[in-house]
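Only one structure is covered here, and it is reproduced in the block below.
Chain naming follows the written order as A, B, C and D, and within any one chain the residues start at number 1.
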Amino acid sequence: MTDLQAVLDSIHTELQPRIGEGKVADYIPELAKIDPAQFGLSVVTVDGKVYSVGDAAVPFSIQSISKVFMLTLALGKVGEGLWKRVGREPSGNAFNSIVQLEQEAGIPRNPFINAGAIAVADVVLAGHEPREAIGEVLRFVRYLADDETVTIDDKVARSETQTGYRNFALANFMRAYKNIDHPVEHVLGVYFHQCALSMSCEQLARAGLFLAARGANPMTGHSVVSPKRARRINALMLTCGHYDGSGDFAYHVGLPGKSGVGGGIFAVAPGIASIAVWSPGLNRVGNSQLGAVALEMLAGRTGWSVFGD
Amino acid sequence: MTDLQAVLDSIHTELQPRIGEGKVADYIPELAKIDPAQFGLSVVTVDGKVYSVGDAAVPFSIQSISKVFMLTLALGKVGEGLWKRVGREPSGNAFNSIVQLEQEAGIPRNPFINAGAIAVADVVLAGHEPREAIGEVLRFVRYLADDETVTIDDKVARSETQTGYRNFALANFMRAYKNIDHPVEHVLGVYFHQCALSMSCEQLARAGLFLAARGANPMTGHSVVSPKRARRINALMLTCGHYDGSGDFAYHVGLPGKSGVGGGIFAVAPGIASIAVWSPGLNRVGNSQLGAVALEMLAGRTGWSVFGD
Amino acid sequence: MTDLQAVLDSIHTELQPRIGEGKVADYIPELAKIDPAQFGLSVVTVDGKVYSVGDAAVPFSIQSISKVFMLTLALGKVGEGLWKRVGREPSGNAFNSIVQLEQEAGIPRNPFINAGAIAVADVVLAGHEPREAIGEVLRFVRYLADDETVTIDDKVARSETQTGYRNFALANFMRAYKNIDHPVEHVLGVYFHQCALSMSCEQLARAGLFLAARGANPMTGHSVVSPKRARRINALMLTCGHYDGSGDFAYHVGLPGKSGVGGGIFAVAPGIASIAVWSPGLNRVGNSQLGAVALEMLAGRTGWSVFGD
Amino acid sequence: MTDLQAVLDSIHTELQPRIGEGKVADYIPELAKIDPAQFGLSVVTVDGKVYSVGDAAVPFSIQSISKVFMLTLALGKVGEGLWKRVGREPSGNAFNSIVQLEQEAGIPRNPFINAGAIAVADVVLAGHEPREAIGEVLRFVRYLADDETVTIDDKVARSETQTGYRNFALANFMRAYKNIDHPVEHVLGVYFHQCALSMSCEQLARAGLFLAARGANPMTGHSVVSPKRARRINALMLTCGHYDGSGDFAYHVGLPGKSGVGGGIFAVAPGIASIAVWSPGLNRVGNSQLGAVALEMLAGRTGWSVFGD
């Protein structure tokens, strides 16, 4: 599929003058230091071909994209019982909102808002010391990406630990409703470290390829989840993956996807390919500005939208 | 595709013992009279074949499913300018909630919650007397379905006019924010009549086929919208089509769809088929109970989920 | 008490340079025409003496102050049973908010927010045609003020009928919850006419004197309510009389009071006097700007605050 | 005033059969152990006379009543500047609600809901180590009560530290909005210890007498606040002192007051007396059930309501 590389090249070329647009996340001090003038895009097709442009090999902080891997891990541990702890509906509120938690007795709306992801981290933590759980998360992501060089950036994790007051509020609030079982510091220890996973677009696209390929990574042969679970995780990404910008992302891009404040977006074209894009400047709702534009161009030019070609 | 008929037959057979489950909508007196023990299902493929089981030829009140046709009509009139009047995000609230309207200055979250659909009706009404607008809506749906026998059930419209206090509240509230231009009685006149459209599963599946087929109805050759707009309407249905049950529907069924309290659900398998199911008993969140189950079975057996096979 | 007149004169003199401050209510077109450079203040003591300064004899639209008289009337009709229909707590929201209504099943927080006053008007309407109920309200206020010249300004009532969309929203919303028994147009007919009562400061202070004097008007000998009910109405005015500015009014003035968007404020010094002040310019939260200042000066100089001298 | 003792005795006698009613607070394990069958009532008049019945000399956990003393202390430190950090309006929500904080950018509605009191504790903490601040609070309350035997119950403080997740959530949430300056653990250290102040009805009534007596304790001659500030603190107690039951308390009792989940209520009859009542069983909204009844009886029989006799 030579023309896929051509599509990526054309996107890169057209976006070149806009690289640096948007505003780098500054609420986590360590992230505020990133040079905004970076852009990478990788596509891995289900037949194992890799297409990349720009800074696709530069590692960045995947932040909330990690919630997809954590959800996968938690579903593996407790299965559909997870949904007693967290909902599956779009929240209609910002990613760090606490209002809904109070109105719905401490059950977060979905696993991709912060509260939901913290509840998921609590599930992953069960039976472990925090260090062990963090180790398990790292091993799992390395296994998915088939790449032992994936790391966690401790400086980012520490930076967020020191300033993540809202996340401490969310976790304590859920603990008050007994929807967090472990000490808040332990749960957030896992949460802040998963968010600090540092991966390149290529690593990320490989790691998520199983979601495009009926639950198994065709490059490694590793079976990760059942085809049904892969579909369901994709459904959750589509309805909830971009917080209160999820409807807009579906409208413009039409692919299941998950964004992170580090400027990355991971997306899935079911049956076709997994995609990772990175550009640190964020738009008004906290998603990568050029990342979203690039994905809209990609979906438009390939006809990969799940809503029709 | 003989086996598609077999799939429908197997669904019908398996659901037979459950027909009558759920609770018929009772807040509109005229709807409360419907016999719950009915079930119909139709699939129309993009190559023009029609597959049906059960009461697929019995007309029922399509209610909120009409919002899909009205959105199509309004986008045709004012284009993307429509989004100044209504958002594109899941609401996180019930279909008739007014809370969000107050918090967001009279702009409804999306065109499929009641407030949003009323704003859309206001757009369709522009330049018309209410009677004319209702006539235009009816003609448009007959044109889409290629069937002049589609009607509006005046008794249902009248029943809702007399009891639809919450809709009067929503419309007046938006009028206070100048997001309704016409007299509230006129706008709701259109709205209550569109909801009272009476169609069978077969008519409904035909009328919506353009959304599965790049915007044009392959049976009639009528071009309704551009491929891009068809995709976008599908995206809106997937993220917002089942109110605060949208996430759940995406998780279980994986198809863009729109439900109505008359017990109908319209769904789209992009590039493949349009689907209409009807069973009057509703589940806890107000969607057809057996309808949702039938669609989950259908998507599971055909591999039509947009999130992977 | 000659020095009370001196206190009023000193307040008038000191406020002279500021007369005209604030912003005249403009959401009711008829009110927007009022000359803002007016200021009147009347005090009627429980021994029947009347003290006035400025435009104390000029009639103005009492608007929400009428809610105090309507509450009195409704309690006379249905007694404490009224509290099944409306609460007694500060709302924490704006006077015309609908959010709380949805969260609390159509029961308004208190009788002084718009929703609550509309429910009260519905109670007063029971057993009457709207015209009759409006006549009863007018007769009641004339009786309280012992003044047959009190009128209702039909132009103001009509102006509000044509633009009061939020009130139509509130009434319809409560009707949906069966907390309004009569047709919405009838209830709002009463409500808009009570708000259009036109009274001078002197008339208003006389009409409310019973609340300062154990429930009976010492000037006429008319017994209106029991001492206990007088206390309770005063309590409601103190906690809820200035919407989401009630805490601030209690903090600065320390008297039970009720404001109206016509620029009037009615206040009570229990056991001592009733007070009416009028100045059309409103502050940020919709209460008379100079009216509130004048009352703070009056309470400060007389030691009438209920919270200590 | 012999008959005041008779009034207290009659209240005690009449309530005798009901002693033990209500439900002891159980969310703080240490408080759940209290014997509910206790009842004490003390009145201290501004001329220094003390009247008591029942268990008026038994110390109990004053809990949120401490917020009155902390507010006094904080106003002494930063004056009216305090109101940049916390509002003065009734909240319309439960005492431990976080919803309003999110909607109003981390500024609590008033100093008597938990969030507001935590912000006040942060102000009191300024320039101190937590231990020192707790010492200062204890010295201040001993000074007010003129009684060196007042203590803090460390077991209660510890119990609340271990289970007060919602307060940790509130504090972290405000810290995210930069409305808490010190480490959350330090601020809550102060907060949990102030709540654990252990005082009898007699001690409490003495300690708050300054609020009934123009800001100075007539028994000791200590001037605590100006007459104006005493009035204002009383106003805040009346509008906000019983959380979302404040309107009801004003309606039935008619005195400024502050309740605590330990079953105590402190109230003020301005210019006349300060009052403390204690009975551990709580009503539905978390205020002492018999305490509120006793105060209603007291105000009714003495004519002390601020809203008229």
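Everything below uses one rule, namely that a contact is a pair of C-beta atoms (placed from the backbone, for glycine too) under 8 Å apart; a residue touches a chain by one contact, two chains touch by 3 or more.
Keep in mind that this is a model prediction, so the values were computed, not measured.
J.: In how few steps can one go from subunit B to subunit C if every step must land on a touching chain?
T.: When the steps are counted carefully, the minimum from subunit B to subunit C is 1.
J.: When the C-alpha atoms of subunit A and subunit C are each averaged to a single point, how far apart are the two points in Å?
T.: Centre-to-centre distance between subunit A and subunit C: 55 Å.
J.: Could you state the distance in Å from the CA-based centre of subunit A to that of subunit D?
T.: 47
J.: Just curious, how far off is subunit D from subunit C if you go by their C-alpha centres, in Å?
T.: Going by mean C-alpha positions, subunit C sits 32 Å from subunit D.
J.: For each chain, which other chains does it touch, given as pairs?
T.: Pairs of chains that touch one another: A-B, A-D, B-C, C-D.
J.: Contact residues on subunit B for subunit C in the complex?
T.: The contact residues of subunit B facing subunit C are 97-99, 101-103, 165-166, 168-170, 172-173, 175-176, 184.
J.: Applying the document's contact rule, which stretches of subunit C touch subunit D when the two form their complex?
T.: Listed in rising order, the residues of subunit C that touch subunit D are 87-93, 100, 109-110, 211-212, 214, 227-228, 230-232, 234-236, 238-240, 244-248, 250-251, 254, 256, 270-271, 300, 305-309.
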